[in-house]
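Chains here go by letter, A, B, C, D and E, matching the order in which they are written, and residues are numbered from 1 within each.
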Amino acid sequence: MPVMTEKTNPNTKIANVSQKATENKKVVYNTKDLNLWYGEGHALKNINLAINENEVTAIIGPSGCGKSTYIKTLNRMVELVPSVRISGEILYRERNILDKSFKVEDLRTSVGMVFQKPNPFPKSIYENVAYGPKIHGIRDKKILDEIVEKSLRGAAIWDEVKDRLNQNAYGLSGGQQQRLCIARCLAIEPDVILMDEPTSALDPISTLKVEELVQELKEEFSIIIVTHNMQQAARISDKTAFFLNGEVIEFAETDKIFSTPSDKRTEDYITGRFG
Amino acid sequence: MARSAVQHDNKKLNVSEIIQQKKKSRSVNNYTEKLIPKILFGIAAISVFTTIGIVLTLITETIAFFKDVPFIDFFTGTELKPLGENAVFGVLPLLTGTIISTLIAMLVAIPVGLMTAIFLSEYASEKTRKVLKPLLEILAGIPTIVYGFFAFTFVTPLLSSFIPDLEPTNILSPGIVMGIMIIPMVASLSEDAMSSVPNAMREGALALGATKLEVTWKVVVPAAISGIIASFVLGISRAIGETMIVTIASGSSKNFTFDVTQSMQTMTAYIVEVTGGEAAAGTTLYYSLYAVAMTLFVFTLIMNLLAQYISRKFREEY
Amino acid sequence: ACGGGDTNEGASGNGENSEELEGSVVIDGSGTVYPFMARMAENYMGEQENVSVEVSRSGTSAGFKKFLVEDGTDFNDASRQIKDEEKASAEELAIDVQEMKVALDGITIVINKENDWATELTQQEIIDIFLSSAGKKKWSDVRPDFPDEEIQTYGPNENHGTYEFMFENILEEQELPENINLQQDYSTLVDLVSKDKNAIGFFGYGYYDSNKDKLTAVKVDFGNGPVEPSLDTIKEDGDYAPFTRPVFTYLNTNMAKEKPQVLDYAIYTMENAQDVAAETGFAPLSDEDVQASLDALNGLK
Amino acid sequence: MKYIDSEQVHKKMGSRLLANSLAKTIFFLATLFGLVVLIVLIYRVLADGLSWINMDFLMNRLSTDPEKAGIWGAIVGTFWLMLVVAPVTMVLGVGTAIYLEEYAAKGRISSFIKTNISNLAGVPSVVFGILGLTVFARALDLGSVVLAGGLTMALLVLPVVVVASQEAIRAVPQFLREASYGMGATKWQTIKNVVLPAALPGILTGLILALSRAIGETAPLVVIGIPALLIPVPDGIFDKFTILPVQIYYWTIDSALVAEYANLAAATIVILLIVLFAMNSIAILIRNKFQKRY
Amino acid sequence: MPVMTEKTNPNTKIANVSQKATENKKVVYNTKDLNLWYGEGHALKNINLAINENEVTAIIGPSGCGKSTYIKTLNRMVELVPSVRISGEILYRERNILDKSFKVEDLRTSVGMVFQKPNPFPKSIYENVAYGPKIHGIRDKKILDEIVEKSLRGAAIWDEVKDRLNQNAYGLSGGQQQRLCIARCLAIEPDVILMDEPTSALDPISTLKVEELVQELKEEFSIIIVTHNMQQAARISDKTAFFLNGEVIEFAETDKIFSTPSDKRTEDYITGRFG
């Protein structure tokens, strides 16, 4: 059982420590009785989850269980699919984001997102990072310069790109592109960062870099990360939610999930019996 | 819960706060967001208005025309003398001119276009196709006026050396040249239809000992027939609407005849002649322009709708 | 319908010949007069660089329809005199029309180069050929020794003054043959006749003159032996007189008053008419005729 | 009982294979037919026109004298025409495409507009000429000036730009839109800042093809009433004008009067074909350069 | 080991019986030192196989081992791929079919083929079956009627389609389509029938029907069948060839291959250790 051996990973240790230090953190996202349908397909069933500030929350589960759907619901990106219907509540900082009066653009300004496949714009590196601030009305070149540098540093890619900020982002490697996307997301200083399998398209070394980055970022941001890689969840997350067929089977401290899961299905999954 | 942002940097910079401020001062944004789709819808509607505009202008003046000239006389009249004191407006000379030139064009375009499509889709190697297709596209991109020049200064003299009775302006030469112009269109649409026939179908026939010709003729062509016929219909529509080639090379004789060596006028050429010569508003001559244009429009519209119908209705289900 | 174009506001006042003018002059009408007028316009634009003269040729009658409307053309070339109906509609629109005779033309009867039998015809034979009621369908109907082949008649269509001159003055308003091939463009006519052995057609002398290599002109016997149309015979009292006609351009004097360049061009035209006429296949006017027009024009200043 | 006699089949196979190779040859010749015509056409035009092309021919004004005649007016007219057609079709075409691809619900309205556009593409150009004559030249009283001609041409080539733009916009990957929405961008911001720049090469390609169609069309302008016999060089979009194809038209029909006009027409064709060829090459270059970027 | 339990299948018994009854049958296809390249890729390596008349010969092997390539070489269908190069000999009824002078159309008239995905023509059922006879010169309507009926009966589909011979073949189910394709192939009375995974696109019941059909057909025809389904090979074939990486690893009686394979790799494969 590979998961057990991973438990000795130093990163995980750190995670555990910080976990304890912040036992009564504020709740940033509170999902209540969330149901979601794609047309007739019931993709999320009665989801109840309370996600804490300044933690890394991992979402795991077999393919098609609704992980991406859930995380996309948190910034209402899921609504780009025309057939979607949603019921229930998602409270973000106490306000129901599913409310009609809630502006998605405001929500998405506070909640950044990193996607499975790195998706930089076909523009220069600089323009990629400056995109968010610009659309939000920041035009001052000096401020933009500062933001770009700060964000790229924040995403631990500054040193690699500082000499070619004006080159096209598609010249970067996959791992660099993904960190650029993280920088792009940091540039508007979000409150929460959603990540949907951010490392699944990356090589092991790039993966490691991104994982380290996530660890750092959580000092400042709340992070919700979907992963199909259980070791990754174990390494970097504070809490883990296990999804199956659109339901949350178990949600608890990562430690607990991976050592003493309370549900038989969770155990089956993390020991590799299915999925 | 404003978080102090600075971490790697000791400069004070709080982006999220700036953004919040900007947001408040930019209610305009919202307004644009609502306005844009409406503007775009307006723009998209212009294409519809264009159609409506065409139909309306044609209909109103056509109605005025039929007040002067009875409907029946127009469509059954074999005499067309639009000028002078006792003007007579029978559209049949123009209709025969149009139909005959279209027939000649399709007699060239259909066999040659179809054979070209078959060669490209069934016989040519990938390399050959890569060379030939762009060349055919060049043929398709040549302005019609150039074909008109070609018909008038080259094809007609060439033909009259075989056909001594050929008049200097005649319907045969522009008909043929129009056919040549339409070849690439028929070829490329038919080839698309044939290329979308799955290879499994060809293999099935080859495995029975069929030759390539038998595969093509008895399997591929029947399977792609709706796309092929649609390409013919579009070609016909194109030939009906073609103007400059016939205007230049077919002259303006309004005789009701079926002799292809003679000059005939098509509907399109009539429109050019009447607008080019004299187009003083309000006369019957002026209205006849619209009646003819309306007839032309209806013809091509029917052809276009027919082509759409054929390729939609009989879409191959393999 | 689209005359005026960009007229300069006429602020420059009365136009002296030497003065720098600008703006446009719009001319339409007779196809017969076109070569004359086009040459004139080119020469004029060589001197007055900022004036643009635009010359079209939709035919005398068609041209009048564009001339006699509000904001119509400035000049209308004509190969026949203005008709009473046309005068009436000018009055209705309060358009003052100034007639300017510019040259003399002879209706020329042309046949194919290969036609070696009909090179000389009497006036009456020509009339019969173009007369429906005469029933001359074959050459042999004209003279028994002519070939037993169908005559193909050609001419300009009803938009043209030449057609009307033929119909009204030569045929005395009797029907032309049923199957006569009437064309809008003189170029087409020249081409058709030059390629049809049995063709016989009619149009202004200028179009024959510039296509002598393709066409033969019929020598017409008006009673005193065959006369070949030429710049010498085409005269009001010349040998070719019965088929000779004056050609005109009509000036909208309202436009001439409004736009100095129009009046200036009118005067220029008359001053150079005799030279340009000879160059373009017309018989020149007498000096008196020229002077009469010039006087009238100078009166408009 | 045997129905298929393999001896028999074998015997016949020879003639069937012969038929096949014969057919192949015929099909190949048919394919060549179009190309041979192309070669003859180009050869003819070059033979008639090439020796007439020189600086004077390009820079002179129109004249009835073939030795003096030049196509400067038609070149300038073509330029002014493009200057009207390009922005108008660009705005209308791209706007329509954005509406159809990004905003319109996939329902009746959008499919109605789409059907309408494909029908519009099949309307004969001469009918557009009548529309232009009636609406722009007469009802709006513009006369037969560049603006009227340009607007007519813009409507005529609109379907080309709409279809090309639709394809270009559709080809912009969804993940780019998601990335932008994910930053809190609004729909229009996303379209303006992400979708359109990414679709631009495709749109430009369509625009160039549309323009080359527009400057090759003759019938609509003749119908609108370009006299083109002797016409000054236009100074702006409110001037009367002529363009290369119209010039070819008049010279061709007048070639019966003055034989050299046929050479002038041929020379003008050479120029027109060079312009079109250059434009199409640019379109292909753009397409190839930006083909695969994500 | 599922294969063992399958050995008691009655069909297999029959196969074994007929096998013994025809020990010294004639060789219909004799492949000698066959090599085939797709461009640079060496797809078949030194194939030597002698295939008997009136038997079912199965070809098995993992994906990409060259099964389809080999069977398509037997009717030279492989030549449709432009880059193919072939060396060696394939004697069909003593004549080398790779010889330039050998007409492929003749070959394919004697050697029918059934494909993985049913590929009827988009014509009526009748026209599908009559296609082959027609191109080979049979025009007589009465004879065609007879051929169509006989072939459809032969493909065990007559009763299902006899009332709708003029309907389009695409109205049939997948299994019926495949039997129609077999009927189409029978209509030209081939000597050999090649089948490339003829049942892989079919449901179990249709598969069973086709398998039964193959059993019947071998009385009259020689059948070479590619399958990735080892049970199927065991059930219906007399001999089995095992291909691996373009080579024939083992070729023997089906009984022997599945009970006592002589090569270790064969054993590994049939016991499911790879492939």
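The definition used in the following text is that contacts are C-beta pairs under 8 Å (C-beta built on N, C-alpha and C of every residue); 3 or more make two chains touch, one makes a residue touch a chain.
Listed by chain with UniProt protein names: A, E = Phosphate ABC transporter ATP-binding protein; B = Phosphate transport system permease protein; D = Phosphate transport system permease protein PstA.
Here the structure is a predicted model, which is why all the values come from computation and not from measurement.
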Set of chains whose contacts include both chain E and chain C: B, D
Contact-richer chain pair [B-D vs C-D]: B-D
Rotation angle (°) superposing Cα atoms of chain A on chain E, nearest 5: 175
Inter-chain centre distance, chain A versus chain C - centres from mean C-alpha coordinates, in Å: 87
CA centroid of chain D to CA centroid of chain E, Å: 54
Centroid spacing, where centroids are CA-atom means, of chain B and chain E in whole angstrom: 50
Touching two or more other chains - residue numbers and ranges from chain B: 209, 211, 214, 276, 279, 281
Residues of chain A engaged with two or more neighbouring chains: 106, 109-110, 136, 188
Sites on chain C at which at least two other chains make contact: 1, 188, 191, 194
Chain-chain contacts as defined at top: A-B, A-D, B-C, B-D, B-E, C-D, D-E
Contacting residues of chain D [partner chain B, same complex]: 9, 16-17, 19-20, 23-24, 26-28, 30-31, 33-35, 37-38, 40-41, 44-45, 48, 91-92, 95-96, 98-100, 103-104, 112-113, 115-120, 122-131, 133-135, 138, 155, 158-159, 162, 186-188, 212, 216-219, 222-225, 245, 248-249, 252-253, 255, 262, 265-266, 269, 272-273, 276, 280
Interfacial residue positions of chain A with respect to chain B in the complex: 93, 106, 109-110, 133, 136-138, 143, 146-147, 149-150, 153-154, 187-191, 219-220
Residue ranges of chain D in contact with chain C within the complex: 61, 63-65, 137-138, 143-145, 225, 227, 229-233, 238-240, 253-258
Complex contact set, residues of chain D against chain A: 173-186, 189, 193-194, 197-198, 293-294
Parts of chain B lying in touch with chain C, wherever the complex brings them together: 83-85, 167-169, 251-253, 255, 263, 273, 276-281
